[in-house]
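Per-chain residue numbering starts at 1, and chain names A, B, C, D and E are given in the order in which the chains are listed.
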Amino acid sequence: MNLATPRTGGMLALAAVIAILPLLLPNSFYYDIVILIGINAIVCIGLNLLIGYTGQISLGHAGFFGIGAYFSGILGANYGWPAFASMLAGAAFVAAVSFIIARPIMKLKGHYLAMGTLGMGIIISIVLTQEGDLTGGPDGMPVPPFSVFGFSLYGEKTWYWVVGVSLLITVWLALNLVDSPVGRALRSVHGSEVAAETLGVNVPHYKVQVFVTSAVIASFAGSLFAHYAGFITPDEAGFVHSIELVTMVVLGGMASTFGAVVGAAILTVLPQLLTVFHDYEMLVFGTILIGTMIFMRRGLVPTIAALFGERKE
Amino acid sequence: MSLLRLENLSRSFGGIDAVDNLSFAVEPGPIHSIIGPNGAGKTTLFNLITGLYKPSSGKIFFNESDITGKHPWQLAGLGLARTFQNLQIFFNMSAVENVMVGMHLKSDTRFHASLLRFKSIVTGDRLNRERAAELLNFVDLGDYVGSETSSMPYGALKRLEIARALAADPSVLLLDEPAAGLNPAETESVDSLIQKVAANSVTVILVEHDMRLVMGVSDHIFVLEGGRLLAEGKAYDIRHNPDVVAAYLGESGRVR
Amino acid sequence: MLLGIKELDCHYGRIQALHGIDMAVDEGELVALVGANGAGKTTLLRTISGIEPASGGSITLDGHDITHYSSDKRVRLGIIQVPEGRQMFAPMTVEDNLMIGGYTRSGDERSETLEQVFAMFPVLKERRHNAAGTLSGGQQQMLAISRALMARPRLLLLDEPSMGLSPLLVDEVFATIQKLRDAGTTIFLVEQNAYMALAIADRGYVMEAGAIVLADSGERLIVNDRVKEAYLGL
Amino acid sequence: MFAEFLQFLFSGITVGAIYALVGLGFTIIYNASHIINFAQGEFVMLGAMSAVFFVSVGMPMPVAMLLAIIITIFIGLALVKLAIEPARNASIVTLIIITIGASIFLRGAAQVLWGRNFHSLAPISGNDPIMIGGAAVLPQSLWILGSAMLIVMALRYFFDRTLIGKAIVASAHNPLAARLAGINARFVLLLSFGLSAMLGAVAGFLIAPISLAYPSVGIMLGLKGFCAAVLGGLGNPMGAVLGGLIVGISEAMTAGYISSAYKDAVAFIIILGVLFFRPSGLFGIRGTERV
Amino acid sequence: MKQGFIRHFTTVAAVMALGLGASVSGAKAAETIKIGSFLAVTGGASFLGDPEKKTLEMYVEKINAEGGVLGRKLELIIYDSQGSPKKAVPFAKRLISDDKVDVLLAGSTSGATMAVIPIVEAAGIPYISFGGAGVIVNPVKKWVFKTPHTDTLAVRKIFNDMKKNGLTKVGLLSGSGGFDKSCRKQTLALAGPSGMTMVADETHGKGDTDMTPQITKIKNTPGIQAFMYCGFGAATSIVAKNFKQLGVSVPHYQTHGSASMSFIKNAEGGAEGVRLPAAALIVVDALPDSHPQKKVASAYRDMYTSKSGDSVSTFGGHAYDGLMIVVEAIKRAGSTNKEAVRAEIEKTRNYIGADGIYNMSPKDHLGLDEESFVMVEVRNGTWKMLK
């Protein structure tokens, strides 16, 4: 294995950070933030496959996150399913739903695609809010802890490793995918749909594939979140959360897997730092979003990587 | 047996016929050109042949099998490849990756294999990368193998598109204005590249405005005007065909 | 000299579309620019109109440098282009199209010019309340020219006015152009139909690969084989 | 029961008129620039909040409304100067994200200035309902309907009869030809944002007595206005008005006859249906973007 | 790419370290007794969180001025959850593990309370909630207590009043928040046993601003004798307003969730005639001097109105009772040992508060009964006690 390539190097760096970070975290509150960073990062890596690599926007991905979370919640709390089973059931359901919806929705372009995905996400969150008998309604529902072979996962320290390893696996899978014939096909769709088609890339097929993939990843992350947090609300599936996810991807850097991680980290930590001035939280968020789009259209990591690249030459 | 045959092909946009009941056959042979004044329907014709547009009526045959209405990606598998008048480079990928996309149909595109990075992906990509580098050398872009496309000059990108199209191992290569925007020296080297491609038993169909290039390189020329076939033949005949001259320059006798 | 162009360069994305163009149009002249497709004729017109920014060289009007003026400022100065493909405001009425043409002029000037235009093209007056998109190709070309006249051009730039028209209509368009010239309008005509354009032009320029390769009087160019070469690569 | 139906119809038309105004705002900006302004809902919020603010500092209602309009227009213009123009030539995705950023920013600014709490605004002429066919109609609903009709008529006059209005329409139909006629594209952009901001502000202080005013009041109103605009065929002003009414009435009927639970989903279900089966909208004249 | 990534992670780490430093400097003086709270200070439920926050602040100040508890000062840490359960969860975690509070007095809404219960139970920290719904303490959870009257008590009180007036056919409208749903459930469950018939059962969504369709339907229900609304917040005023606008003539009942002046004010006249059960606190002047709560309630009322300048609401009373119960329990426990404090809270007997007289037990983590309510009606823009 060549350590010098960005993929292995980046993976090792991320693994090292995950391994060392516990030494720096004073108490479970900080673990909590890092765990949330990890969960957000997982969703963003998936979403980045869709937005950053394939060039298709989604303003509704929190909906899939929410479905995953609620499958774990509902099947676990109301029907006593084992956590793994409800997680897989959620993912399977999301796969089916996103597959059905992907064909018509991925035919849309530009504003129409934005509108379509937005509507899809909002409908999901409304269903979660309104089916109160199943979901607990707008105030949410508790979720039983994650248990494997009779051991329940409790506590931030345990979850830290669960999420850390999940994140590493997701990064690995995403890096694999991007640097493969399938990944190049996806990127070619972003680069030029017509050229991709004439080179044999079945564009609709790949759009559906990446949409479903990112949805399933979001669903898994949603399940993780549900079991970790122990309580979920329809806000997880809401429009605002969808926008937060897109912001993370855009800020960290479109078409950069590590960018998605960095974006998730910054935008998860930021509200915590701003608690004291939390009135200004949205002001800062909005400014970051606009500023990034105007001054660093490619996002943080690619822009900085490009700076390094230039300096080296 | 003709390689490519159009039968009463028409395509209209908003009531205007861009291609109008067009029939002709391309016999196997190295270099064919399609010329005609602006708006003659050349690019529309390319888009019809490569499946980007569906014809309003008529049929297209490739190797005598009906390919009308097939998707572009299906046609790519049959051996049709093309370049574009306006660059359609994947600017989000490096030069060598652009060419590797051209090998899409011959690669292992199983999703789970890609996700888990099976051995077939690793070895397949290594071979593809080597082959892509060869192709870049073939189109004289050896220096750009590791380059990001965003930093490459225009002329190089035009060649990159050709390399990418060749990566699909086509039997027919359709070139849409390969010399557009190039200076005379660059045009000349595109000229020799086309001949080199043709010498590798790829049939080239060329749409081009640079008449010097067309006349010099073509074995057979089709002239379109208003979506219809105006004339066809060898370069010399075309150049001295009064209809063609009138189509291009107007009728000199009419006004005075 | 009304329009003066010196060493004008223009980059179109990654392509350098114009290479050091030098040319001029005098007051009252009809100058034709001919050349094959893709030679850069339309880009030159767009650069003169301020749609494409020049990347080098200069454009002057009456000796004033207007190279960096915005397109609307140039329209106010009287540089009016009739774009290729007519570019109607298709769902709007004929009259509205004309009014928009006179956007930069005062209300009085607009109504005055409107009367003149209607006098010149009675068919437009007849169909003044019809949507522009419902006119025939030839009528649309008339409307496109009339719309430009509404702005009271000092320099009229015509881009391929004959494109897509039947021979009969082409004759009509060319007759109109001659009429405008005779009425004193300065015209810079870009045409693929080289022989017809050169036949009515005082002077002509031949363009090839983004550069002017030949400049002469219309009469002399029409018999110059170099023109044919520019088109057919002889 | 007819009175019941009428009651639902009136409440649907009232809120539908607001959606129509918001949808018109989207349409005007879209026509001038092909930008979907996701901050359109925040114009509504600004209109409502600033009217509440000016009334609370003791200004008479008409003055407060006028000031609310002026402030919102000013912010609309600032949005163009600070966020849209610097990002010229950006992709659709980029512009979507910029306007979303602007909407978050404006919501945040409103929170800092006025707090997160709900505020009520007194209705223009009282709360005593007028009974029509057994259904109660609020005077405010009549104000909303009347104002919306007036605005739509004024806009029609502006776009059909005035040269500047025609210039905006022309820029929408053919931007190149409009530039060649000497129409300044940046001016058109500013004008369209100003107009849309004004529409939003009016919608805002009209709906505030019914919906209350708070910083996030614009989110749903904005999204549903967007639905109205897409439903009517993006870029078609009268389509947006019809779209708004359709969304409003369907919502009220759903709430009345089916279940209020899915009232908010109605707009989005309609819009998904339209996008999937008729992507150019119900009254769209233009087809989808060509390759 | 690699360098860019590492560099960026360093930045993020630095940013986090900064946050860490800030909080370490915030954690000082181990001597204080830390009371943690997250309240809906702003947002749609601010009419709850705002008086709760003010009450906690003014009484903590008062207690500290009088020498504190067990010789230690009280330290209050309040976060604004904006009424959102989603936001409450991280604040609860932060209070417990970062701020290391001794006791939680928090949660303006039932939703926010329910969201943090698993965390509180896992962490083992005494927690008194200001949420209204009965489910908070029913079934009993070891560490969770609450001070506000439950929906169950309110529904009983309302049904009693209806029966007294010969009303048995009731049309119900409810919201979809935690309290609203719990109230609806209790209403439907208690209707049969109480001899009531629910002839209509409509709901509206969270954040809805027009309830005309639902009320129209209820109005047109045949045989309806009374209207009842389960919900709280801005919706209460809208319902009252719409009810009046539609000209509905049957008696109108709401719950103690509407017992604040903002309900009357925002309903703009619509509240006239609305009946609801409320704590004696809001009609304190009408209480006979013999009423056991009169002294406590009027003292709190005077303190609150003079210090904050606002009119008193029952919601601030919940916070007052919560704080006092905790203070008493800590005094009795003689330490801030969590288990000891919890046990002492559970032993609260005959505590006379603003909301009523509390008698807690291992089976009852609320300790109030129906008697702690009085029925009031809105007349001339203020509360009027009903006999």
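Points to keep in mind about this one:
One rule holds in what follows: contacts are C-beta pairs under 8 Å (C-beta built on N, C-alpha and C of every residue); 3 or more make two chains touch, one makes a residue touch a chain.
Remember, it's a predicted structure, so these values are computed and weren't measured experimentally.
Number of steps on the shortest path from subunit B to subunit C, with steps defined by chain touch: 1. Shared contact partners of subunit D and subunit E, listed by label: A.
Of all the chains, the one whose CA centre sits at the greatest distance from that of subunit B is E.
Look at where the CA atoms of subunit A average out and do the same for subunit C: the two points lie 54 Å apart. Distance between chain centres (mean CA atoms), subunit B to subunit E: 73 Å.
Note on chain placement: the centre of subunit A and the centre of subunit E lie 36 Å apart, centres being C-alpha means. We define each chain's centre as the mean of its Cα atoms; on that basis subunit C and subunit E are separated by 76 Å. With touch defined as above, subunit C holds no residue shared between interfaces to two or more other chains. Looking at subunit B, residues 52 sit in touch with two or more other chains. Looking at subunit A, one finds that residues 130, 194 touch two or more other chains. For subunit A in complex with subunit E, the residues that touch the partner chain are 6, 9-10, 13-14, 17, 24, 26-30, 32-33, 36, 129-130, 132, 137-140, 142, 154, 156, 229-231, 233, 235-236, 256, 258, 262, 265-266, 269, 272-273, 275, 278, 300-302, 304-305, 308.
Subunit E meets subunit A in the complex at residues 1-9, 12-13, 15-20, 22, 24, 79-80, 84-86, 89-90, 93-94, 97-98, 109-112, 114-119, 122, 176-178, 181, 205-206.
Across the complex, subunit A meets subunit D through its residues 51, 55, 57, 59, 104-105, 107-112, 114-116, 118-120, 122-123, 126-127, 130, 193-194, 239-240, 243, 246-247, 250, 279-290, 293-294, 297. Residue ranges on subunit E touching subunit D, taken from their complex, read 42-44, 46, 82, 176, 202-205, 207-210, 212-214, 216-217, 220, 234, 238, 241, 244-247, 266, 268-270. Listing the residues of subunit D that touch subunit A in their complex gives 30, 36, 82-83, 86-87, 90, 92-94, 96-98, 100-109, 111-112, 219, 223, 226-227, 230, 234, 261-262, 264-265, 268-269, 271-272, 275-276, 279, 288-289, 291.
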